[in-house]
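What follows is a pair of complexes built around chain A, which joins chain B in one and chain C in the other.
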Partner chain A sequence: MTSTSRDVAPKEQTRAALLFLLPAFVLIAVFVAYPIVYAGWLSFFQWDGASAPAFVGLDNFLRLATDAIFWKSLGRNLLIAATAIVLQVFLALLIAYCLVRIVPFVSRLFLFFYLVPVMVSEICIGLLWRFLYNPYFGLVNASLKALGLGSLQRGWLGDSATAFPAVVVVMSFTYLGLYVLLFVAAVRNVPETLYETAEIDGAGHFTKFFSITVPMVWDAVRANTLLAIIGSLKTFSLVFVLTNGGPNHASEVVSTYLYKAGFSSFEMGYAATIGFAQMVLTAAGAFIIFRYLKRARGGSER
Partner chain B sequence: MSKRAATLAASGPVTRVTPTTIVVLAVLTAHVLMVIFPFVWMGYSTFKTNKEFMRSVWSLPTTFSFDAYIGAWSGGALGTYAMNSLWIMAGATLLTVIVATLAGYALAVYKPRWMAGVELSLMAAMAIPAYVALVPLVVLLRNAGLLDTHLGVILPTAAFNIPVSIFIMRAFFVTLPRELFDAARLDGTGEFGIFRHIAMPIAWPAMFTVAVVNMIWVWNDFLFPVVFINSPARKTLPVGLTDFVGEHITNYPVMLAAILIAAIAPLVLFVFFERQITSALLGGAVKE
Partner chain C sequence: MRLKGLLAMGVAVMLGAAPAAAGELSFWHAYAGQQDKTDFINFALDAFAKAHPDIKLDVVPAEQSAYKTKLNTAMASGNPPDVFYTLPGGFLGAFVDGGQMYALDEDLAKDGWGASFLESALAQTTKNGKVYAAPVDVDAAVFWYNKALFAEHGWEVPKTYDELVALAEKIKGEGLIPFALGNKDSWPATFWFQYLEMRLKGSGAVAAFVNKDADATLQPEAADAFARIADLAQKGYFPIGFNGMSDQEANMLFLNGQAAMLLNGTWQIGASKDAPEGFELASFAFPEVAGGKGDQTDVLAGVAAAFGISEKAANKADAVTLLRFLTSPEVMTKYVDLRKTMVTVKDATTEAAAGPVLYGISNGLMKSAGHLDPFYDTAMQPKATNAYYTSLQGVLDGSVKPEDAAKKLEDALKAGQ
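Entry: the complex of A and B
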């Protein structure tokens, strides 16, 4: 009876499982799940956070539907995701390959350095980059001047044309290390014999990278891409400290827009709507992508 | 082409010095220097006086002055912020580790049919941005009298860090041989006895690992503390730092010393516990 316990969980085991999970369930239910449902409920109210909330039906959603700032902010979150896939995930894979296959003698040291920005608070990193981007004495402008490109000098974070790209650059530097770490582990697991066989056929690093490493670590590529997309939708602190979404919403993302709506303009109902809509749109997007992937995979296999 | 010939000629594995090695090493070194330059610059600039800083912003200091640190620490504000961060870090980490250990154990050891659903819900919870819950959490905390308190930050912070911490703990517990549990069951040990006397005693290193990454995450967290706490006396270091920087806008070395003070704790943890931190990041992020 007990020997089959791994398959048919007896009553006592089920009870134990429930009890072990209970504290996590309570905390997540109260501080994650309930607030999300409550955000949906608050979306139907106009509320300044102090007086009694006034029921306004779908007004918040109608306003959101035609709110250009919201849609542009959401678009920027997606743009951040797209650049993260290239400048964080793909670049990290390339670096991981180099660290493991070409310069293994420095891999541990370099990995350590790449992880430094991952450990430090985004607020500190943002404040440091404000020095680099400083219009008067910033290193970016000084470097341009030294290279004879003085005409390109500008206040990178204060210029609406460059504020968003400038933020994206900081993000790539900040989060890259996490993906380098994850890929180094994956690339190390690729069997050495595969490379040896390829070398006998005269394959160079380019061939080995694309025809051995990339396919062999594809699961990690997928997981890290997902991680990068989720991270890009969550982003807040770096944008907050670098530009706070400015100038004139030029680098606004959903989180900073929500923060301002809720805690600068005190439109709590609308802020809840922004968050709730963002989550529903993300969930819908994820659902469609997964269905599409499933169908595409099923189609190619049969 | 010569690179290909060199690869063919040598037969030993990996470490061969070829032109490729040198080029790659040079490029990666330059890149790594770019990545860590802001931190290095922060470090040496704190030893400058404001005058020297303004004269040459990016060069190495010519004198070693500790005035910036004295200036940053003297107001007392940073010390208060650091203590607040410490309390919140300790509270949220302790709560997360206990709750995630229990749940991670359940997820690894028990396999009733509904466990797959639990796992899926936890993954969904990991994907939810904290700001979605921001406005409702303010209402919830205010009704509970927890707004502008440390506990009001600790509880939601722990709740949002628990799912990933559960997966890190589970990754550890699944490595334990099942025979260990089955043998104890045959001996008549109850489920809680098994957890308490067999699993727990060997789980300390994994729990420590979860604790270290949570300490870093909580220490660096910004969104919840900036929204839930208003009193300057209760603010955390990253939030207080933004205030501090605004007040010391004219003295750059003091500003940089303050940033360094906020950044140093996680860096020290990283230097000492690099192995635990990387294994936690690998265990929590890469799921089969």
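Entry: the complex of A and C
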């Protein structure tokens, strides 16, 4: 290669690189950026999906600010996020530690079991749990009866006191395996020497878990917590299949409320407003949590 | 399903409806995607081609869920088909308000075409005194009961609401569920409210809101109707957890003989087709409510579909010919035979085509009905429907007071006016 060609190469390479990036840019512009901008634009309109949209200014946002159902739904999303951190992320880390450090000989088998719900579509899982929860022939009530706890039997999904907790249980069941998988990989990467040193010092599993494993896999904890929170804030299909947000909004989350506004009430403008608010709040929430977790580690460890 | 609708909307915007040439008609329908529907439309169109070889049809079928959006978009873009399938009530009303529908009154007056329809069915495609579509089929809600179970226990069909409640208490006492109800999707409980409102106040209460009648109201009877439903739920006459059960799950209880009765639409006949041995389907009218101001013979029944002609159609004479052919007794009897649904054309729902149960309803209940009141939830504005659904679920599980539910529904209906 001559020196001249070497001078030209970076420019050509840049051009080639841009060319290769172009399809991705186009796809993102068409399928991500445009819908977001369009939803933002639509949130200033009243539109039934058929006739011409009517500009209403900030009316949709004012309505959203005072819409008790929306705020309660958002509260439920936050509650799901909180339970996800405990019942999905933390529990998964605990399970991963047990699988890798305590019962490594069956870890592959158990990992497979935990992964089954991750591989099945959420709709199928939802339908399956609808049967488990069925008050008349469902396994949940039948088990309670068999255990002599017949007085606890109830219509789980149809009772406004239990509908939401029942949905949260299914969510944890569905997503736990994913985090177990991610954590098993992370825990396996923790250097064996650290555990050996700790054992010489007489450390038990409790100390090894909290003082070695957690700090060593902190990056994975952070990433998984973030995933769990984002997933919780935009969760839809399980709620939709299990209760459709009912009875009387008792298990409504933002996404199911959005769906109803858009596709049952045909208030497309308001649905766009809900969607836009959901996106902004999710992004803001994720950012804050991510920053907080970064600092939490910097403060306590190293 | 709805996503498909959006897709169809996009496609419809791009294509529009091609303008038809002379002697040619564009015809849109929603009889696709289901065997009984396609069988019917194939039969009807083949017969039409034989009877009228001079009229060429440009047929565009779509599935029900996608069809509404597709037609809406075509109408909004000013490119409607000449003849098309439509839903009655608010859906058709929007087109009428937009001046896009051709009034059929003059044609209906000729050769007894208008007289061939049930008057109460035509009323549901009438707006501002004019008929804008020819009604096709009609669904009615009635009480269904397991005749074998009733005979086994010696229960009698109740004539009054008080008898119904007393019977429910008796059934509950024998360890069975009096009324199957799967209200997860909210529409199944609407029949209870509407029938009580019809018996207590009278038919046409929601229709009055839709027609922008200033005096329209559901009150004060609505609070009473909600209170009666709350009472039934509180007494445990519905299945445990009914607000979380689907209609199919409720049907399992009914078909397996765990529940004795079910208030549901005439589609229950189809849903009971595969019932286990020992199940026998029969029906009775929603009983009389003592002291109610409504006509106690009224039936909750709605026209499910209709055919209309666009005001823009160039060839109206041929369009009317097509409509008359589709709603002729021969074609409509075939419709009953294939789809096991009642039709609005008088005497077309024959016993041979409909089967004994449906014929019994069509020939008895429907003929003696003072009025047919169309389904509230589809007649009212979509926005109000959500308020209707959620208040009913709330009243049923005791979290909403009957008078609050009545007020919320009334407000939602007023807001939609």
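Throughout what follows, the second predicted complex is superposed on the first by the 274 of 302 C-alpha atoms of A that agree within 3 Å, B and C clash if a C-alpha of one lies under 4 Å from a C-alpha of the other, contacts with A are read in each partner's own complex, and residues count from 1 in each chain.
Just so it is clear, contacts are C-beta pairs under 8 Å (C-beta built on N, C-alpha and C of every residue); 3 or more make two chains touch, one makes a residue touch a chain.
Since we're looking at a predicted model, the values are computed, not measured.
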Touching partner for A:L144 - first (chain B), second (chain C), both, neither: neither
Partner, of chain C and chain B, that touches more residues belonging to chain A: B
A:F263 touches, of chain B and chain C: first, second, both or neither? both
Contacts of A:M216 with chain B and chain C, given as first, second, both or neither: neither
Partner chain in contact with A:T14 - chain B first, chain C second, else both or neither: first
Chain B versus chain C as contact partner of A:L79, first or second or both or neither: neither
Touched partner set for A:L194, first chain B, second chain C, both or neither: neither
Footprint overlap on chain A, where chain B in one structure and chain C in the other make contact: 49, 137, 263
Chain A residues within the chain B interface of the complex: 2-3, 5-7, 9, 12-17, 20-21, 23-24, 27-28, 30-36, 38-39, 42, 49, 95, 98-99, 101-106, 110, 112-117, 119-125, 127-129, 131-132, 137, 139, 142, 173, 176-178, 181-182, 185-186, 192, 196, 199, 202, 204-205, 220, 223-224, 227, 230, 233-234, 236-237, 240-241, 254-255, 258-259, 262-263, 268, 271-272, 275-276, 278-279, 282, 286
Residues of chain B that touch chain A when the two form their complex: 3-4, 7-8, 13-15, 20-21, 24-25, 28, 31-32, 34-36, 38-39, 41-42, 57-58, 95, 98-100, 102-103, 105-107, 109-112, 115, 118, 122, 125-140, 155-156, 158-160, 162-163, 166, 178, 182, 185-186, 190-192, 195, 216, 219-220, 222-223, 227, 237-239, 241-242, 245, 252, 255, 259, 262-263, 266-267, 269-270, 274, 277-278, 281-282, 285-287
Chain C to chain A touching residues, read off their complex: 2, 9, 69, 72-73, 75-76, 94, 183-186, 239-246, 249, 252-253, 258, 382-383, 385-386, 390-391, 393-394, 396-397, 399-400
Chain C-facing residues of chain A, complex: 49-52, 130, 133-137, 153-160, 163, 242-244, 246-250, 260, 263-267
